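The following pair of complexes shares a single chain, chain A, combined with chain B in the former and chain C in the latter.
Moving on to the complex of A and B:
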């Protein structure tokens, strides 16, 4: 039997590169993938203050390796109660420099 | 609605009503995203065997950036547990409810911490200065500056 493909739709998916090993495999039962620990919305969603996911609601990485929506983390760090500590491990928050892969590797 | 707290609390509401809800914790009342009442009991051989307590959580629109106000319910039906960190008006001296709060904590996480606070108790007694504290205590326990000087209980 021969199959002729007459038409096809390309569908793209994007994900933040959080450095988590096998992020694709890590979807869990809810299929939501990893969530921001502060708002509990998936990284690929946006923080509660934003309407559109993507470049306008980016992630932020700490040197402690913890990742949050940037807006969520900044709201926390902006409070006196935070003592400028990471919500996960209470170490002093230091934003990590992210090396962006430009060669598409 | 539409606040940060409502979206976060909607997720926690789902969790508390699912099989992921920790053992001994039961959501009794959550009519809005401001005040929740949660039943809590400590399982196993502890000083609080067969006792049932209720916790009242009050959230402001900035939750979870700002901590919830958490206290034991004291009314005709419930009493505050007799514990060195729990005042007779239900106010609780626990660091995670004050300066140890973190926005990655949640209602179930707070309940589990309080369960283990009760479970590890060795002597049922009120905190020192209970009567004086209760007489002058503000309605909202978040307005009290507690001193966390005892890590052992």
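Moving on to the complex of A and C:
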């Protein structure tokens, strides 16, 4: 017997690749997922000023491994009190370069 | 000495009386004259038996002078008394006649007997009645005496006989003499109600005959025409006999006529009220009946009866567990439409709708049914032609020149909802529209996930329409869902252009979709490869994103090549995964345990169902020892044993993949149960309101105390807690 797939309509969820959560992801068993440290909304949700999640409300990765909604962080950085620091560890905020090649494999 | 004045007094009196009677005639000639006159007058008045021939000549002028003489002597009152006395002596004659007539009637039930009896009575009356010239007093005294006697001797069967007689005159040639007789005998006044009731009965009979169950044509006008043709001509005799001119007739009939017209309205109104439920069911065919009812209600104040009748009928026929929620909703919508016709301000509707709405609120699937009709599943609730209006609180517009005050029977909490459409009314069953939006989301998710060809224009349309009602903000989530659909398609197009695949996923934004059932299904063999390849392409396209499959959702179209045939099927992923197990490896026979070990944790019932799918399709067969094998060659034995199974839509799982709102709530409550358990462990026993107060500190807790009460009650039934005097305590 041979089984040929003619067409497969599947359902999938997308989620951000936050780096640290890679291991969890393969388990596929984390219920809520991580939240943005600023607005406390899940990464896959959208920041308070956005309506559409995903590409319209992207994340920003810091070298300090902290991840936020980009809009949230930019707003934070825009305030004088921030002193251009990461809100989590008070180190100077440096946006990380995403290494596409490694994540793809 | 003492008797002298008395003697004097008596003598003076005597002299005066004598003078009066004697009239100043010489000697006692005056007295003789008076006595002569008395005798003549009495003889003249004496009631005779009319059966005896009456030969005596009556000399009117002589009688007249006699009366004048008596009048002069002031003896008329005495004469009157004597006359009455005489009548009383003769009354037995009439009594005998009446009883013989009535006995005849009782035997034959023939109204003509009554008629001739009345005729005869009039003859008696005529024979005994003093002539007009003798003055009104005499006549009226006679009438009173005659009628008093007559009424006292009429047997109890007479009223019904009289009524029959009246009935027999309806529609017949007008018999002016008969009605004249009635009046002469005083029957008209005495039996006025009876005569009116004849008319009422005619009306009721006509209404019942022509109008029962006929709702598709206006009846009131026809009834009024019938009144004018049949009843009014009859009415002229009893009620407007004295009228000389047309105008006079009209004015005399006006009062009684409007009474009967009222009765027509009332009868029709009663009838329609008793039929109201079925009239509503038949709407719009029953439009005419509703308009009739509306007109009747304006004339007859029976609004509260209508409300009560409809409420009672609703309770009896609609608001019980045997009725489908959808039917209740349909009937409710029809009710809205119908009562709007009868009563545009909506007061009746408000009163009738209240129990229905309360009942609907208690049904768990009401929202689902409403939402289903909102998005056009069996959408007969919604009238396409109705203008769509945004949901908002309606304020009274007092500057509107057509503004009307609330109806007088509107209750204090009556809300005018004049301009709102049916959907708004349905949605307003619940206090907030959030519930609807939630349910709408679930329903939309189900429908979107079932779409395979990427054509969801209809859903988009629906959402656009619903946005007008609920507002953009409320439907933001649905908007995201729709955009996920568009994005999925775009992504798929891109991925396909890079590397063609027969996998076409719908990629969703997890937090904007209702909770989906979790599963641990592992797709085996080529499925896994395809998934991984696709995921890799996706990540190349969107470097920051990953895909997480929900493997048990979706559908697969397969073509299965067997030795002697090819089977084309569309199945669920689980079915596909199982057949892949049989097809890919060298192993051709599998039992349930092995399948479960390979595919992950599948519950037995869904596994069995999947196996049945394949057995039904003749691809696998059960070897009997709990293992299954591929049926490479369709043997005649198997075919005979298993007739072609009825085609069933295998692609559609019975349980919707989306977790319903209730399930979600139950899931959430499980979390709070931990809190409650902790509280009760630490504090012993607690009343419900304390638990509620403490739970309010818990994040995201939004239950009402009633919901908590239901929950605690459920916990008590399960034996987790005990309750005494309102205090809950853990069951140890």
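As a working rule, the second predicted complex is superposed on the first by the 82 of 105 C-alpha atoms of A that agree within 3 Å, B and C clash if a C-alpha of one lies under 4 Å from a C-alpha of the other, contacts with A are read in each partner's own complex, and residues count from 1 in each chain.
Assume a contact is a pair of C-beta atoms (placed from the backbone, for glycine too) under 8 Å apart; a residue touches a chain by one contact, two chains touch by 3 or more.
No experiment lies behind these values; they were computed from the predicted model shown.
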Any idea whether chain B or chain C touches more of chain A?
-> C
May I ask you to decide whether A:7 touches chain B, chain C, both, or neither, giving the answer as first, second, both or neither?
-> second
Given the touch rule stated above, what does A:45 touch, chain B (first), chain C (second), both, or neither?
-> second
Could you tell me if A:53 is touching chain B, chain C, both of them or neither one (first, second, both, neither)?
-> second
Shared chain A footprint, chain B vs chain C, residue numbers none
Note: in the complex, chain A contacts chain C through residues 1-17, 25, 28, 33, 42, 44-45, 51-55, 58-59, 98, 100, 103-104
Within their complex, state which residues of chain B touch chain A.
-> 3-4, 7-8, 11-12, 64-67, 99, 101-104
Seen from chain A, its contact residues with chain B in the complex are 37-41, 48-49, 72, 75-76, 79, 81, 87-88, 90
Would you tell me which residues of chain C are touching chain A in their complex?
-> 449, 452, 476, 479-480, 483, 487, 502-512, 516, 526-527, 530-531, 536, 539-540, 542-551, 553-563, 568, 573, 576, 579-580, 582-584, 619, 630, 632, 657
